[in-house]
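Structure provided below as structure tokens; questions to follow.
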Amino acid sequence: MTQDLHTEKMVINMGPHHPSTHGVCRLILTLDGENVVECEPVIGYLHRSIEKICENRTYAQCIPLMDRFEYVTSMSCNWVFALATEKLTDLEIPERAEYLRVIMTELNRIASHLLCIGVTGLDLGALTPFLYTFRERELILDLFEMTCGQRLTYNYIRIGGVSQDIPDEFIPKCREFLDIFDEKVDDYEKVLTENPIWMARNKGIGVISKQQVYDFAISGPSARASGVDFDIRRDDPYSVYDRFDYTIPVFEGGDSYDRYRARVQEMRESAKIIGQALDQLPGGDIRAKVRAMFKPKAGEVYSRIENSRGEMGIYLLSDGGKKPVRVRARGASYNHLLIIPEIIKGLKIADLVAIFASLDVILPEIDR
Amino acid sequence: MNPAELTAYITSNFSGQLETVENDQAEPYFIVPLSDLVPFSKFIHDDPQLELNYLMNMAGVDTGEQFEVVLNPCSLVNMQRLFFKVVLDRGDPKFDTVSNLWAAANWYEREIWELYGFEITGHPNLKRFLLPDDWDDGFPLRKGWVGKNVIPLPEK
Amino acid sequence: MELYPIFGWLDGLLEKVGITGPTADLITLVALAAMVFGLLSLIALFLVWWERKISAHIQQRFGPMMAGWHGVLQTVADAVKLIQKEDIVPTLADRKVFFWAPVICFVSAFAAYIVIPFGEGLIVSDLNIGILYIIAITTFTVISLLMAGWGSNNKYALIGGMRSAAQAVSYEIPLVLSILGVVMVAGSMSMVDIVESQSGWGGFRWNIFFQPLGFVIYLIAATAEANRTPFDLPEAEQELVAGFNIEYSGMKFAMFFLAEFVNMFTVSAIATTVFLGGWNGPFLPSWIWFLGKTLAIVFLLMVFRWSFPRLRVDQLMEFAWKVLLPLAFLNILYVGVFAKWLNW
């Protein structure tokens, strides 16, 4: 029997409404049975033209727009825009504000990683860890609500400082959370890390090589899982990150499993940073004096911070007026989605889901 | 290398014409002639002293007077940053692709092509992706763009 | 409690009214079918509620709480809602195939109960090929899933249907082989004979004590047969949205849904009959023992579902052919040698 069976490749439209594309992303898949032959991402379903709108708003009005740029870690988005603007001014940021920024952003990083890990479990059919991670995420969101009244789009970090001081009960509540958090991470690890099915589904899947990290500008935990020891908090320092003692987990495998482990370790490190920041938290002002009609110097700047997904950057061009001339927001997911067609070839449709989840692609960041 | 050394190294080792811009940021800032975009990119990407192998950001800019393309490469090996831009011809905005050096530039350039209408020579896949497929309403990020369906605010 | 006295009583009643012969037989059979159907529907409704409760408690939630005591009436409410739903058939669907798929699924799930002994004497018909009959009839479910996948004219549904066919063919083999070990010991394929061969010895004659490997193989293969996580690939929500039943709504969906839970109860009932001594047990009535053991297995399957991630399709096949199948043969070898030696 040498005669070949006549088979056809099947083109399947995954999304825009699909439970595991984390937003509205459409992937045009060419399948050979269960194997993915080709994958073409189609984005733009969430395009809100934030960059264009920013050009018609004053700098202060841009901050709430940045909340929508990437709504899972709004704190980072606020911060990166504020940071870019502050680089074009001579503002002295009060120390307390810097510490509050660090605390909030690290809490936000934990919340985002909890979402990612829970959703990765969900995408691989493990429905229970999702609820566990959301249990702890809720505690963090409560802290945010206590501070700025919002649970998703915080608009907390402003140009020159933060919008308001933390209430008195914040610090004990936050410490309470940090005390239980390490045990809770152990819980997730018990359910997932050593689970043979979890390992079988994630190990060796979607391997990103070091060279690909450089070429495709992969950043954050996804890059560190591929053995690239790079963290903007340490290598391009901003704010007061040089005052904390923390390690940056680096793994060598580059597969989904290592990306997952990098995230878990990062949560523990973030908790350490928050603990130290709470210890060192100085008193004083929370905001520099910023005039109502704020105007930075003319100039251009690219500022970046380490977001939970990777590098988040703002390119800002100012002509000294009250509105920015050009704002470009750069999100890590943009590059992470770009690499998926490269690493998915020959794998199964179920692996696509695992890779998509482990790279933690969030669509608002891509479409802007 | 600190920014000053980096500037000196690049200006002395690159054969083309470079214009250095003084600024108070942490990275050196160059304006590269349009014709030197690809050679310069290749130089900073491949030079063993620089190895700017990671393209953080690439953006089209319309300052109102001129079209520019801004590139922000950095190195994950020795953690250096660079800032350079090319100024395009306003009448015929066009530049060569750098996506064969930095694969990440693929989508950055696609976005510039789509939203600014700069022509990109040699790009592998110029297809609309942020705007609808049947978009025929100009290039929204250019200054002074008014879409067909834009209703202006009433004058105060 | 036995079925045959009820039959006799019903026959007597009919005779008094003046109905005899084939008509009376027919009425008795219909009454019997209605009884089994009613019982199973109740069990399925209970299982749906129970699964929701178990999953909720595993995930530190409450689950349904509003309808009735701790939400016991929730599934009834859901069923009523599903019955009221509009029946949507996709325009390009193959209407006949699309219509018959849930019917076949439902019927084959229920038909298995003809030979399941709910207790001593509580069996509709003790066929001498009982276990073979069950295996044959439950396989019809696969055909229905394939029909649903094909008839829906949806690519996700098609992949789901194909997956279920591949999966069922693979897992049927270790499943049958693991049961074969028991049949070799019991020397009969009748369900009643199998149960009776396990009575005595103070409960230590259950097959699970002699063939633990067989039991484990059966349990794994049965999880795959019932399409439960970690083997729920035909309806993998995250990859295939819902697999074969993506286009189904209303009552047809309810039929698939109920059939899934009935199937789960079936595989647990077989496990009880074949490995856990069926109705055998001291003090309590036999049907309570049967029900208790079966629900314990169901509980186990539910805990599986809420603690494991899903396997990938090639890993699933590899596991069936490279691990379970050799082990099942090993089990048969072991049973053959020991059955001869110990003269069970």
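We just call them A, B and C in the order they show up, numbering each chain from 1.
In this section, a contact is a pair of C-beta atoms (placed from the backbone, for glycine too) under 8 Å apart; a residue touches a chain by one contact, two chains touch by 3 or more.
Model, not experiment: these values are computed from the prediction.
Comparing each chain's Cα centroid with the centroid of every protein Cα atom identifies chain A as the most central.
Chain centres were defined as the mean of their Cα atoms; on that basis the chain farthest from chain B turns out to be C.
With centres defined as mean CA coordinates, chain C is found 63 Å away from chain B.
One inter-chain figure worth recording: chain A and chain B are separated by 24 Å, centre to centre, where each centre is the mean of the chain's CA atoms. Annotation: 45 Å between the Cα-based centres of chain A and chain C. In the complex of the two chains, the chain A residues touching chain B come out as 42-44, 47, 49, 51-52, 87, 212-217, 223, 228, 230, 235-236, 299-302, 304, 311, 313, 315, 317, 319, 325-326, 328, 330, 334-335, 338, 367.
Within the complex, the chain B residues that touch chain A are 23, 25, 27, 53-57, 59, 61-64, 70, 72, 74, 76, 79, 81, 83, 102-104, 106-107, 128-132, 140-141.
The residues of chain C lying in touch with chain A in their complex are 55, 58-61, 155-156, 159, 163, 229-230, 232, 236-239, 241, 306-315. Remark: chain A residues 10, 12, 18-20, 31, 34, 121-128, 131-132, 135, 191-192, 195, 197-198, 200-201, 348-353 touch chain C in the complex.
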